[in-house]
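Listed below are the structures to be examined.
One chain, chain A, appears in both complexes that follow, with chain B as partner in the first and chain C in the second.
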Partner chain A sequence: MIVHDLFLPSPLLALSAGTMVLLASIAWRRSAARSLSIGLITFLAALALTGRHVGSAPPGTVTLFIQDRWADYNGILIVLSSISILLMSWRDLARDPAHPADESALLLLTGTLGAVAMVFSANYIPFFLGLEILGISLLGLVASRRLRFPEGCEAAMKYLILSGLSSAILLFGAGLAYAVTGSLHFTLPVAAGSPGIQTAATIMILIGIFFKLSAVPFHLWLPDVMEGAPVPVAAFIAMVSKIAIFSSLVRFFGTGHLPFYMQSLMPAVIILTILGGNLQALQQTSFTRLLACSSIAHVGYLLIAVLSPGQLQSGVITIYLAAYTASTLGVFAIISAFGSPGHPDGTEIADWKGLFSTRPFLAVTLSLMLLSLAGIPPGIGFFAKFGIIATGVERQHDLLLAVLVTGSIIGLYYYLNIIRVMTGAATPLMVPPRTRQPELTVLVTVLTIIVIIGGLFPARLLRPLLPAPAMTPPYQDVMKASRSG
Partner chain B sequence: MSPLPALVLLPFLGGIAAWLADRPRAATVLRNREAPWRISLMVLVIETLLLLAATLRPSIHNGPWTDHFSVPWIPAMGIAFRLDMDGLSLSLIWLTLILSLPAVLLATRQVKTNAGAFHFLFLSTITGIIGTFLATDLFLFFFFWELMLVPMFVLISAWGHEDRQRAAIKFFLFTQGSGLLMLLSILGLVIAHYRATNVLTFDYFILAATPLSPSLSLLLMSGFFIAFAVKLPVVPVHVWLPDAHTQAPTACSVLLAGVLLKTGGYGMIRFNVMLFPEAASRFAPVAMALGVAGILYGAWLSCAQNDIKRLIAYSSISHLGFVLLGIFTGSQTGMQGAIIQMLAHGLSTGALFLIAGSIQDRLHTRDMRQIGGLWAAMPRLSGAGLFFAVASLGMPGLGNFAGEFLVLFATWHVSPPMAVLAATGLVLAAIYSLRMVNGIFLAAPLASPKPVTDFPAGQMAVLGCVMAFLLVLGLYPQPFVTFSAPSPPAVTAATGEGVSPP
Partner chain C sequence: MQFLALLSAAITLIGAIMVITRRVAVHAVLWLVVTLLALAVVFALLGAPFAAALEVIIYAGAVMVLFVFVIMMLNLGRPDSDREKEWLRPRAWLGPALLATLLCGELLYTLPFRPDDTAAPDLLTARDVGLSLFGPYVLMVELASFLLLSGLVTSFHIGRHRLRER
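Let's turn to the complex of A and B:
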């Protein structure tokens, strides 16, 4: 690439530079605390550089990256989630002298780099590179569970195989799209002839994305992988990789009306995702598995908004992402705060019995987060779900709304079930000792405040951030002209 | 400055104070284990004074809407924090306070575990209820509607009786699930209004003028109806009620039966009948049939219960059938009867739950067969129990009679067979009420009675006030009838004049 054509969003630059600094630092001397600090500083730098970019693209050319408010917003969400996840894993990594833990910080950093690259990419190549960087980092992170190493390895293998399979399908789809349109531009392949190959390309790309997004029927890996992974890594899978892939999905389809074959395919996937996720969550006894299933269901709700273009859509998707991120991060932060070395780590629901009397702060905040996920006021999730229903009503998706209501009622049951367990009588044996963990207390408090304030005053979050409807015919002409010229 | 936002927020803020007062450090400073209880009591007294001021405050608006408050909340979606008060909401808020004061006075003092949290949740529920009665922005209404469920759920599941957790989850799932249907209806109405006028708003008064096709209006109305029917409760969806009422701690049973159920009736009047008058009149035969079914079914099952709280819970289903019947008769009289019945049922059943709770605290059982005659041991408690049981069976001269009579009167004009069937419910009411009175108070004492203490004079005075209200409501209902009439949405408080003809 020629230097004067270079266009690079600054957060990517910050994350890459931070990765190199971290590698150099590890090569010099291993120290978990220093690695974590470098990671934290890198994330803060990436956050501070959001909205800036290096170089400028001449108008009309096809760039590798794109920077608009949608990309910036998702980038911020991803980096903020990564900061929270770093704080969650800080205690276990920094206070465990037996296992050098620099790799975790490094993989967290590269994983975030991959996710942010996906968010900013406007081309198949950086998108796929980002996807793979993220996937490979996750592989290492998932296997890093020290207390239950075999389970972590099993989960990592599962992730490796399925993720490789879905990447291959996605890559094949991208190749077909290139064959049809002659462009690597990351958007719906639209060309004059050969509708069959276009459809095949779209569906293959979509299958790849649904795999990563764990939409039913491509969801089976998620609960297993999240259960095998350490708690902060499970949070990473549920937040960072999902936000990245979801933002790419929105960029791929644009916000306009979908092609007609998608109009029948998407509702089917949404219905399966909502019902499948919720019904599977009903049977779980493991908290992380339950959260995995609930995150599948939330993807389903979010896809309803994607399917409903209209006046409300943009603001609703924005607020739903924020609500899902804040509430789920809150739950994971509380699980991390609950667990302490040598005691139940809170990944089984039964561990939480009687928490209202033993550790009321955690119990109250966890209830709030769960209610927010279930869509009950005063949490931010209430307004988010309200918005999703509003978009559905606006486009009159009657069947999807019925499924959403059914799914929400089922969801309510399993969320309430955890609160019910916490109100039960505590068995004295299971009370874990309190450990000092100021970073987790601060994190949980901040997330709680975000969830409540966001729920009471959501007006500021309602912003139109989605990318403009991508493929308009004039734009295509410009692209073709630039390619031939 | 309008007192309405203060009315809504005060209990919640007071609840936070009560919670903080229960923290170990604060408790040593205050040297008082009962601090949360005292704070709650104080908050409720201040709230009552505030309400008194709001009642006596000269109405600055012409027309039936006496007070108004509005600030924008989420302007992008046309949502405002809008509260309006008319006679109906005012009288229901009075009922809320008249019941929650005795509930706190008599029944929450003995809550020892986590008393601060208990009072916080109790007062939050009251905030939700008062908010529901005042909100005239549909989003805000739904917000409060959902908000009051959460603290009630925790109250039942943490402080209730033996089978509390199942009952709490059942309660929450039923009310929340039906609430989602109401949300669909609200959004359907808003979007229909948006399509017609290009204005996105959740304002009750503006939405009331939305032009709707008959089928759409029936569809939207049924969404609201299902939500309110679950809360009221109407027979096929009443399943949560007996469990929730039986398992809840005493103060919460009082609040549930006395006030929470009334939000269902309030919603039917305010939203079903006033927003969709034509659809409501077409739907009326179905609703009235459901009402009669509820009266008979609730009464019949009530006759078969041995658990006192369960018996009272089923009798509630029967009494609230009258409310449903009255609301949908389509006449002024029926509506007035329904409102009087709501007030009277709140007072009498609330008091009955208080008495049942006191019996359970003293004898540790709710089974009528194990209680035996209490009259000799506890004459005051038994006397009060007799009074409220008789009130609930519809004795002339007490509030319930006035309500039921007006409803039956209005029903007779619409459909004599329904009136006859509904009146049969009164006979059953006599059977179960007298069976309860006989079983608990008048039967021969058990062979080995446990030593018990009667109600102290102070508590009797509180119950005496409730009795006085019931008597006034029964002997001279006219002022309440005129006072508590619901106002049509075509007249708003903001301007005092008609917005547009509905």
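Let's turn to the complex of A and C:
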């Protein structure tokens, strides 16, 4: 038997085992609180098992999964985001009978499983399967609100069609890459001869990844889907799926210099993404749509660091991912804490009028998170954006830096606009009743502390975690090895 | 051999284009069956008879029956005889039938060739597929089962809502 030849990172094992335990528990008796608890325990187990693995790869073969510090780091970020999202949705799921709790917990688990599988994958097959598990779980999560079912269904439909299209393009690219190199190793297709097919394969895979990452010009679905989804699910789309696909992008290209045609293609995408995201955010009156557009812009900033190999790159990408995750999660947690059943749920910016006088804790923490997203001290976002600019300066990307500065100024306008709305006078009708929600208070407090501490002492987070520069892939696949042996 | 493979590939392409341009769902399904059959022939010519058989059994067989079943369930409003008259005009089935005959002819033409006469390097039999599925790729089979699980839960979840809305 070949079981001892298999290699499996332990977090994946924990997540799949947890999914099965949850299924058994649902089959026995449906209970929202228990399903959510099992989900939470599973996430904590996955977190505790980070860095371990089951089995070992036989020497000389290419395994399906890879475990290095980059994968571990993104796995931790994804699982931590999932824990936060579970806490955000706890109130709605456990206390509001209009929500189907068990399915949501189950789909949250499988979605996280897919994302973690993508992060750990070193081969096209686990990458694609993870991508699809994540996408299909998201589909159910997006349409999970019974009260606003038509909106949810519309969002889910848009997501289904566009995600299917991008998956098809990505799969076509992977097929072309396999045709050229004869290997399913997840890296740039490099082979002697046929440069045209190599370029086509790379660009098709890249288009698929950009679709999922919602870089402009493939961004149109993101605001619509996030608006139709419940707030915690919108956070899931903005965090978990983006971290997973971004970590795969870095794994695919490695950290070395990009091929020539990429050097001219990437800057165009980056400029479009930063300007497109920020300009679109200016017109939004919905808070979730605004966050969607701001996340598009942040993807653009991150891509600048991907394009600038050098000494700073690795640490900067690490800290930027942490900063983006903590700040955006904080904003979503505060939106969840603001909303209450039967009242404005905080997804419209107008709902936030006068929050400084009615609920000062939420207003102060939200201001801090928004300032961090805009890149103003003392938030962690300041140092992260500073690092991105430093990498750009190191490689002398003048045009990109100018675009980044322009984008940040536009961003400042719409982030500060929300703070301006909150300082206005409150209309007594719109003040929602206070409800006890200890888990959200704890979550918001913890995220605030992370954002402030990370902003004051960023050096601890500056760690070079990126995978080693891409080398020519070994032309030996597991399939071939098994057939010959 | 190469010409035959290209011919089957062209039939796949024509079929796929026809699938997405038909306005009546049943006609699209007819074209889809031809597309899948042509794909199976491509697999067979590439030296993967097991994959070709699976393509025919699972996709052209089981999945298509499911499609037809769903289409019939969704079109319950009108009398059956009218519907069938409209669906089964010669114009609708002549094209798919022609292409399917072409594919059949291709298969009959290649039948006399022995496997070692062809250009295909080595035949991928059911044993090879099974060995790699339950050997190095067994974890992928497990991962695919999670994909199916999440698809099942999602579709059940959305479908149940629809029933309650009515």
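We adopt the following convention: the second predicted complex is superposed on the first by the 467 of 485 C-alpha atoms of A that agree within 3 Å, B and C clash if a C-alpha of one lies under 4 Å from a C-alpha of the other, contacts with A are read in each partner's own complex, and residues count from 1 in each chain.
Just so it is clear, a contact is a pair of C-beta atoms (placed from the backbone, for glycine too) under 8 Å apart; a residue touches a chain by one contact, two chains touch by 3 or more.
As the structure is a prediction and not an experimental result, all values here were calculated from the model.
Model built by superposing both complexes on chain A: chain B and chain C fit together without a clash. Using the contact criterion defined above for the overlaid structures, shared-chain residue A:I335 touches neither chain B nor chain C, since it reaches no partner.
Geometry note, superposition on chain A: angle between chain B and chain C about the Cα centre of chain A is 150 degrees, to the nearest 10. Touch criterion not met for A:A155: it reaches neither chain B nor chain C. In the superposition on chain A, no contact is made by A:A215 with either chain B or chain C.
Legend: residue contacts after superposition of the two complexes on their common chain; A:I136 is shown touching chain C, with no touch to chain B.
By the touch criterion defined above, A:I409 lies against chain B but remains apart from chain C after alignment on the C-alpha atoms of chain A. In the superposition on chain A, A:I380 makes contact with neither chain B nor chain C.
After superposing the two complexes on chain A, the closest approach between C-alpha atoms of chain B and chain C comes to 41 Å. For the contact definition in use here, the chain B contact set and the chain C contact set of chain A share no residue. Looking at the complex, you find that chain A touches chain C at residues 2, 5-6, 8, 16, 19, 23, 64-65, 100, 103, 106-107, 110-111, 113-114, 117, 125-126, 129-130, 132-133, 136-137, 139-140, 143-144, 146, 149, 153, 156, 478-479, 481-483. Chain A meets chain B in the complex at residues 311-312, 315, 356-357, 360, 367, 371, 376-378, 382, 386, 389-390, 393-394, 401, 405, 408-409, 412-413, 416-417, 419-420, 423-424, 457-459, 462.
The residues of chain C lying in touch with chain A in their complex are 128, 131-132, 135-140, 142-144, 146-147, 149-151, 153-154, 156-158, 161, 164-165.
By the touch criterion stated above, chain B contacts chain A in their complex at residues 73-77, 113-114, 117, 139, 142-143, 146-147, 149-150, 153-154, 157-158, 165, 168-169, 172-173, 176-177, 180-181, 183-184, 187-188, 190-191, 200.
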